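One structure follows; several queries about it will come next.
Naming follows writing order (A, B, C and D), and every chain is counted from residue 1.
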């Protein structure tokens, strides 16, 4: 298999979905070995560092990409399989930022209260022991947590000629911030423009569901992935498949709407796979879907809905694309 | 241990939280063996049955209770431990009802569209094999699903003299519809009135997270539970503890607010247990909380947030009440 | 016309809709001359007074009532015409309360920020000059504003046996907090229980749309009103008619839903009056409705939608009930 | 005064805010005489016409612009004064589109119900008599309504390099759809990029508050406006001033957030003008602000909050810019 390795320079970082020229062209079937910087471009390195001083708000959450996928046309389905996502540093960082996060008034849910304090936490990452260690900044508490690396941001160029900040999740993917985007998962995205123009970034050593304070354990990542293309069949919302689950990630405000679009998309997907009508699928999904919140902090909130494949007859999605990619990955 | 068995007559069914005289007085430490009817009072028994014809909207979701707990005063904490929750029938039922459910306009999220069709699904429950079988009504599909019995509704009398329909979840518990309310769990509720006046009901043979269409696999239940009382310490929102997780159930609209109140309550709870400050706990919860949606269909929506106890040092909640109750349950 | 005068003692104040025995029985056609205390029961009288110290949260927003209307049955329509609403004091008061209001995190839209300061403002009311004077508490600013007296709370007993705090607006009316509830207006409410059991209260010397900080210029009121009963025809949501507008008040969360239910109710009402189909009425309302927000601070938010009667052919609502009541009022 | 007349060709129509090269450069103080096509590019001309057949969803709501304002830099404030907005046709058109509008499930508030029917209404516009005539399509009803011409869309290029569809309203203005944007009003917008790059369009012969069905009485417009530039002082959200009111237009989802940002922006603006503290201004705005909803149908909803200048001491905003522009306009 063709393999491309790529580490962007700071000048090559992508700050938007859409609106950027492709950095490489890749053929379907290509293996990519990419490096992604953390959401702060590596500028927060100690508990005394503050985003408000060190970062330009216009330049957060740098992406690696975009990549032009040969043959991808509007209406097609891009399949991105993550073979491995591994921390490229032995530390990660998280921070509260004024008027950003799930449990504070924000620039969108505006209040007159004083902002929460801006604080920074540094985490030790031990990729060998598979741990990430939390250290409190106001006391001496330390807690050793399991490492669970993932990508917060995976997306393509939006439709209707829009260009969106890498802070935003929407129909085109983007900053969905779901822990389901881990190694072993395949992400399906609808193609809106020729070449799809996908990017990835925003690695998290681990993240709770909801990403309450607004930032996870942010770190640089080494990502190995396989790019595939399915002609036609573009989903309305990002889908994820792993060995256990079929998933949809909806984004919107309020969270109700993120959940609704994900449910409707899942019902359409599952009904098609099972050859079952809308109302019966609605009923089935009612009893079997799981609904973990992804993020409650970005300009759109994101909700995952998922169904266990073990509950379903063997009706492989996309003609078994995920199984095929798992096989390829095993051979790398 | 003192044991009380109770099966209500139809005349004894409770239709509200608050506003009803207690049906029994129980001492803390009592074991209760209760029977609860399903949310339709057992009136939907076949796929041709329709709630709109057979049910009076004022009388849905009957509760068993309320029970007056001796010594319970406003500000206290009621602990309800579920020893076993087992289907009392070999069938369950689910239904769509016009303008009710998560993926339709409702009486609250009003639209001008035609309502979805009213349909009824019958499920076979096999308590021996631990299965519940879905049968489509518009085609021949059948799927065997794992049995996972739970109670949709657990609550006490509300504060401020309010009386709420058993359809509603709020600070006092009520119709939270979370699958976390299963055997092995302890539910902590703040006491608002003398005697607490708790009721339970709305058994589900299983339920997806969100309860998309508005009704789970509704069935009658035999419930064995232990009632305990903790003086003081009333939580603002219902808490659940099982062997693995500390959880809070928030309810509100939009779902954003249900999640927010649950997060803030969890941060307060966890910060107290760990002796850690607000901002550090906010950070920790950001990286470890899980956030499964409970229901998106009731007059208030409900969200669960939970943290795995394995990630935390051994700081038992409520001085080990859950462990104590598990021990008592094991001895029954 | 039969006239009843009534001023409640503090012991007779009503704190809920539903759940309270009627204080008087009135026949349709009766004139009521009532006194209502302010939302703080008159306990805040100076800028140094604080609700958190002087008030019991369980006892806020006292109502005058409930009144049992002879012959009122579930499904009927109660018509309450306000002949005059006049300040019964020469001062009014407004206050911020921690975690209450539209521009702060609340107990429902929970954040981790510090609450806003608790402050109290005293207003001079000059009923002769029709002015109400604002005086800043942090500086010397004074502004003379027009007096525009209204009732924040008008409601009947809820359906389904519920009892709701007088803080809440919903289908039964309640704490809608709209400035449209002024003298000259007729409020139509659906009857849920025998006798309707209506109450009024929460006088405001004036109020902005949204009631941003949570409290208007709260004052005691002398209210003259006429009670009428229309058999059948219960609206789903409160309606208001004055000489210029037909209005509906929807309540819910988020505000989107308050607006949606009000629009759907208005379309049904107007379509019936005009004999016009649903889609045509939807189109017409799109071009002529006005949508002032009522409150963004109560447990449910409220939105008014209204259409000017001058745009419509002469199709009197409720067979000209409002005109009839205006005539009676003119003769008092 | 320098005057520029400009009517775009179809090829010059703008479909986004940002991402488009300027069509003209204008100096501050310039008078612009512009023609704007309707939101359907004039393609819907009869009641049998359907947007779903005649329009490409990527090309709706064409704008006239963008214009590069000499000297405008990020952080500056653009002042756009509308001297006259007059219908350029004697007809207007409105339509329902499947899954678009305020009283239907949409692509964002997804439901499983069937969409509402797609219908088109044609209105007669009589600019002499100042009327616009509604004609029902399912019956013979006709209603003559007052003409009240306005622009649905006024905006500049967004910040952070984003490019947004002309369907969207946000901090940069855009598709706010408020009837307050009529002749005699001055709109203040923060500048995000060199030259500001403003566009206008989406003329409505009249519109209700909320724009319930999703489209107003859409028509082409002749617009005379004056462009001015204020160095610095960029507002966070669009502001509008006319002879009677100071206004802010907030946009977001849910509508709660649109209202919140507008209120916070208004409090900051007013507090600055009056030299009054945050809490006092919060209190004052509580009693005097009016809050008409603008739109409940676009990707973001919009809310207007406004205060009557007659209630305030004479503290002219932007050093009297509006009065200055009114004077210039009177001299044209």
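Here, a residue touches a chain if its C-beta (ideal position, glycine included) is under 8 Å from a C-beta of that chain, and two chains touch if they have at least 3 such contacts.
From a predicted model like this one, the values you see are computed outputs, not experimental measurements.
S.K.: Given the two chain pairs A-C and B-C, which is bridged by the higher number of C-beta pairs in contact?
M.R.: B-C
S.K.: Give the label of the chain whose average Cα location is farthest from that of subunit C.
M.R.: Max centre-to-centre separation from subunit C belongs to A.
S.K.: Would you mind pulling out the distance in Å between where the CA atoms of subunit C average out and where those of subunit D do?
M.R.: Roughly 32 Å, centre to centre.
S.K.: In angstrom, rounded to a whole number, how far apart do the mean CA points of subunit A and subunit C lie?
M.R.: Whole-Å distance between the two chain centres: 47.
S.K.: Please tell me the distance, in whole Å, between the geometric centres of subunit B and subunit C computed from their C-alpha atoms.
M.R.: 35
S.K.: Name the residues of subunit C that each touch 2 or more other chains.
M.R.: Counting only residues that touch two or more other chains, subunit C contributes 103, 109-112, 116, 253-254, 256, 260, 263-264, 267, 279, 282.
S.K.: Give the list of subunit C residues in touch with subunit D in this complex.
M.R.: Those residues of subunit C that touch subunit D are 94, 96, 102-103, 116-117, 119, 121, 132, 134, 136-139, 141, 143, 145, 206-217, 253-256, 259-260, 263-264, 267, 274-277, 279-280, 282-293, 296, 301, 303, 305, 311-313.
S.K.: Which bits of subunit A are touching subunit D when the two form their complex?
M.R.: 15-16, 18-19, 57-58, 107-112, 159-165, 236, 252-254, 256-257, 260-261, 263-265, 267, 278-279, 282
S.K.: Give the list of subunit B residues in touch with subunit D in this complex.
M.R.: Contacts found on subunit B: 103-105, 109-116, 254.
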